[in-house]
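Before I ask anything, let me first share the structure, which is written out below as structure tokens.
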Amino acid sequence: MIETVLTIIEPYLPIIKTVFAITCIGFGCSFALAIAAKFFEVKDDPRIGEVNELLPGANCGACGYAGCMDYAKAVVMDDAELNRCAPGGADLTATLAEYLGKTAEAAEKQVAIVLCMGTNDAAKCRFEYNGIADCRAAHLVGGGDKACTYGCLGYSSCATVCPTQAIEMVDGVAKVHPELCISCGKCVTACPRNLIKLVPEKNTVHILCSSNDKGPIVRKVCTKGCIGCTMCVKLTKEEESVFMDGFLAKIDYSKEVQNKVIVEKCPPKCIIDTTINN
Amino acid sequence: MNILKAKFKIHGGVHPKYRKELARDEETKRLPLPDILRISTTQHLGAPSKPVVKKGDYVKKYQLLAEAAGFISAPVHSPASGTIKDIVTGTGASGAPVTEIILETNNTSDAELTGVYPTDEWQKLSPETILNRIREAGVVGAGGAGFPTYVKLSPPPDKKIETLIINGAECEPYLTADYRLMLEHPECLIAGIQIICKVLNVTEAYIAIEDNKPEAIELLSKYLEDKKIENIKVSTLPTYYPQGAEKQQIYSITGREVPSGGLPADVGVLVENTGTTVAIYNAVIKDLPFIERTTTVSGYGIETPSNVIAPIGTPYQELIDFCGGAKDDVKKIISGGPMMGFAQATAETTTTKTTSGLLLLTAKEISQFESSPCISCGRCIAACPMNLMPAELSQFCEAEDFESAAANRVMDCMECGCCAFSCPAHRPLVQHFRTAKAFLRAQPKK
Amino acid sequence: MSEEQLYSVSSSPHVHSGASIHGIMRDVVIAMVPTFIAAIIFFGLNALILTATCVISCVFFEYLSRRIMKRNNTINDLSAVITGVLLAFNLPPTFPIWMAVVGSFVAIVIAKQLFGGLGYNPFNPALAGRLFLFLSFAFAMSGDWTPWSYINTENIVATTSATPLGMLQESTGSIAFLSNNSNIMNMFLGKVNGCIGEVSALALILGGLYLLWRKVITWHIPVAYIGTVAVFATILYMIDPSTNASPLFHLFSGGLMLGAIFMATDMVTSPTDRSGMLVFGIGCGLLTMIIRKWGAYPEGVSFSIFIMNATTPLINRVCKPRVFGVKGKA
Amino acid sequence: MTASKNNTCKLEACVTQGSTCFQLVACHLRASSASPARRERSLRYLKTYGKRKVKMNFYIELVKGLWKENPIFRLMLGMCPTLAVTTSLQNGLGMGVATLFVLIGSNIVISMLRNVIPDKVRIPCYIVVIATFVTVIDLCMAAFTPELHKSLGIFIPLIVVNCIILGRAEAFASKNRVFVSIADAIGMGLGFTLSLAILGSLREVLGAGTITLWGSGLQVKTFLSKNPAVLLLLPPGGFMSLGLILGFINYMQDLKAKRLGKTYEPPVLNGCRHCIIACGQSTKPKEDK
């Protein structure tokens, strides 16, 4: 009986041996793997990986952490706020809150805005600049070639650091496309003249000037500069949404500008309403 | 003969066209007092001084305008009598905003000094008194950086200064102010050196002069011989730029290398500029505060290149007018020398204690930068007196990899400009390093 | 004021030495003139046609590729002219014209412009072109040619069709003959078979001296390169003169002089620091001799420079000058 | 019309790949900024990006590998066999078909087993599955096309570690149903074969002057066969021709985008800010000022 079986399987013996050997190796290896998994296990909250999956993965650093993974870790382990992720926005905050069973208030979406309108034809130059086409470098050479010491130099340092290419140079002045802005704030630190601010997206009225010089000086160097006439402040007296900071009118971004007539009334036309202008 | 030849040769250096002949034989002239002086409170390195006068005040010549605001700072005195018109924010020579005191002069001489000491009496003063007088006179390094001399002359107690070097190299092209000073006032210079020697208790002093100024070498050595002064020697240096750089000069004369990031005091040496030495002389012996300095007005863009004594706060335009006015084809106005000076946007900028020169250059003389790619010819490396690799560093800077730039010692760069001077691709190397250094300085220290 | 001409403001320094890329390249072109004359003397019209073809096609490809890539025109910096001349110098006199054009294409477009143009090319373009042709059209690159044949074919006495190194490789000529003085003298003057620009060591050395005088190159690479070859060859010769040619033979044969003076000293592809240049030159010399002695090809200059070009970034990383005021290694 | 479809497809591709191509998405958003409606749609994709819920379509999965996500010309995967074996058209085709077979087999099996395989040991499991199919095709080729098997040599067993196969297993088959996985495998495999064939024929024509489809029987000689540029058959020639093809594709894309009035931006994920080769792009001379 056994002999018959043996004669039948005789030609297949190498295959059987191989299969047997492979199976043994497989079992051995998986056993080793199982032991290794037990001994060398790193306790890791599985939620971290899943939260990381939920995050956009842009690694932009807007949350203040080294990257998305870092933020995910902070959210799960250290109870970091859920609304720090700017690219994810309110949707993500809600998703995270739902996933982690927490309540979180969505942060207001902020967008960057360049507070300058000194385009090539509006603002004058003090000298002919010859050197590296980079705002920070130009700013160090004689303080920049724009006659206005507050204005945008136009060498696109902000546009280069922007991870989503949301900044475009229009006529020598940086312009942010708000729909692409993920409010990571890189441009804010890149600008040597501190012209870029992160403002709530819902505010549509902006005063696009940063010059704190007196009116006549501003007028001398730029046709679009705030001359400190305080007209906008007077017109919005009740709502108190515009205030004077030195010789410069500024929007109080915690309020919303109701009286949009200031856009029309501003003498140098440096107030814009994005809902109209775009 | 007490002339010594420098023994050590530094690496690198370049030979720009010196063009010193423009102003070297011009007798130093005194500028008539301008009607308006705009005196900056940033005349020196360190904290800007604090104005002690206000709008509408009447001030007399030599009166204190602004006091030192901190240890590394220096007071500023009024160069003339007149009324303070305003205190405003203006632009300094480097382009940074500065506070300026606007003074309307009235050309009367109601100057008041605290008291005049006879020339020979300073020997009896204690070093502390002398130092104090130097501090109160607002003496700062006149070479360019403007480091307060009082601070420089008070080295930490654990560092003993053995050698004093008076920097008369004046390696920057065009400039001849120090040269004229050495020729015209050797007695002030030597007395100034003796004062510093006394303050620091130094026995050995060298006057370092490049060998393209034989008249100055001869005059000074003869003067020293006549007066039988043994401890001061004239040291001739081979002519090349940047011979006047502190670390390179120390190496040329003594063979000692100032460690990276260190001060000359670390190797027991102190370097003072000739202009500063004369200012020390004025402060200690004549009790005059630092209110005026010799400035070279030169370049092919000015009618008559000259050496002018001008009060601090003089607008450049006054100097230009005094020297016959600018020619039509002026393309660049430079405060300082052409290698390290600052280009000016207007002639409205004013002189300070550190303005060694005012150059009006035509398009033919100046260089234009291009950002063309590096062809790695290695000329910048051959020219760098600090033995850096400017070609590689500039690529790090261009890629904004400032950490790598710092690791390759961009902070050791002294911005002498030798690399950009010799770059055949006309790359703005120094500007790259300036940007990187500004960025690195702004970073918090780790 | 505002309507007037504005003053120019830039970072210091405000003056310049006047050196420019164009000037450097012009000097290199001038330095190649003696070799070019020698080439015409030895190879006649062929050399002229070949050089003209390479130069014209190199400049044309440079213009065309910059145009297509929408970059600014760079033919004025003369680097394409140099590539053309060097490529032609590296070709045998009988080389087909169309192949020379292909070589120019590889040199300019593939080895240079695709990497970003002058300054970014990791390899010497002319060398890349030559190696492409050498590896692709091996037969044409070893074309038979007898010097002076364009004047009078009957005057040829001692020259054969193979290059001296080829003879050494195949041992067709006796070592003693190759190393004898008159033969070495012929090789020094250029009366041998070879590529049109590599035969006359005399003319090449003249050009090299001009470059040294104009401070376009420094002595480090040529001296290190030629010195290493000389030392290596001397050692071999001292070990066994019957199978190894004399050091002088090695110095004046093949493309060593051309390579050491014009190809290895190419600024873009060689190290920037002096110490690095010495390392580069020694590396080239060692590789050249190793390939000549033990390699499959008779000549190793092109390969060795090409390989050392690839190591240039590494050499630049290691060989740095000691920063002033820093003790020990930076 | 086609352009908008293109953009949408690209977006879908990004989203399904699950890679961190936020910037890529943004690039395409900029590219599609011509029409507000299109932009709106793109923005919607951007918002749903994190949730990654896109419907699978057999046809889309099949076609994408041929061109839009061509593993060689667009994704730059599997470079080793690409450069090594494409010395002739025949070799390229053979390699492509072998890979196609392995890809289909492994995608089917892995897709079927996707819920069984533990996450931590998935890579060894994939390798085992892939190795099985590679052994099968290796032995088959040795039996039926010995010549081809000989000339492909070690590269047939090396299909095991071909990152196209492992990549599709990891990125696609382990997350999707069998049906679409097959489509993905066929598309990717055909795309791979196509690219190898293009590369192989180019190199063979220039480097040997011939085009070989099946041994010496199906071989065409061209005028170049007298003086072929042999270097193209050598490894450097592989790199050169692949690079030139990639450059040409990017150039054509650029031209196409220009025709549509847009700017083409090659899919660069990390930007070049940290690249040490200073290509001069960051210091362009200032425009119109």
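For clarity, chains are labelled A, B, C and D in written order, and residue numbers in each chain start from 1.
Following the convention adopted for this analysis, a residue touches a chain if its C-beta (ideal position, glycine included) is under 8 Å from a C-beta of that chain, and two chains touch if they have at least 3 such contacts.
Just so it is clear, the model here is predicted, and its values are computed rather than measured.
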TODO: State the chain with the largest centre-to-centre distance from chain A, centres being mean CA positions.
DONE: C
Task: Pair of chains whose C-beta contact count is the highest in the structure - done: B-C
Task: Chain centre separation (chain B, chain D; CA means) in Å - done: 64
TODO: With chain centres taken as the means of their Cα atoms, state the distance from chain B to chain C in Å.
DONE: 49
Task: Chain centre separation (chain A, chain B; CA means) in Å - done: 46
TODO: Could you please state the distance in Å, as a whole number, between where the Cα atoms of chain A are centred and where those of chain C are centred?
DONE: 52
Task: Multi-chain contact residues (two or more partners), chain D - done: 273, 277, 279-280, 282-285
Task: Residues of chain C engaged with two or more neighbouring chains - done: 6-11, 116, 120
Task: Shared-contact residues (touching 2 or more other chains) in chain A - done: 126-127, 130-134, 137, 140-142, 145
Open item on the list: So in the complex, the part of chain C that touches chain D is made up of which residues?
Closed with: 96, 99, 102, 110, 114, 116, 120, 132, 135-138, 140
TODO: Over in the complex, which chain A residues touch chain C? Could you list them?
DONE: 124-131, 137, 140-142, 145, 147
- [ ] Can you check the complex and tell me which residues of chain C touch chain A?
- [x] 2, 6-11
Task: chain C residues within the chain B interface of the complex - done: 1, 6-17, 19-21, 23-24, 116-120, 218, 267-268, 270-274, 277, 316, 320-327, 330
- [ ] Please give the residue numbers of chain D that touch chain C in the complex, ascending.
- [x] 227-232, 234, 240, 243-244, 247, 277, 279-280
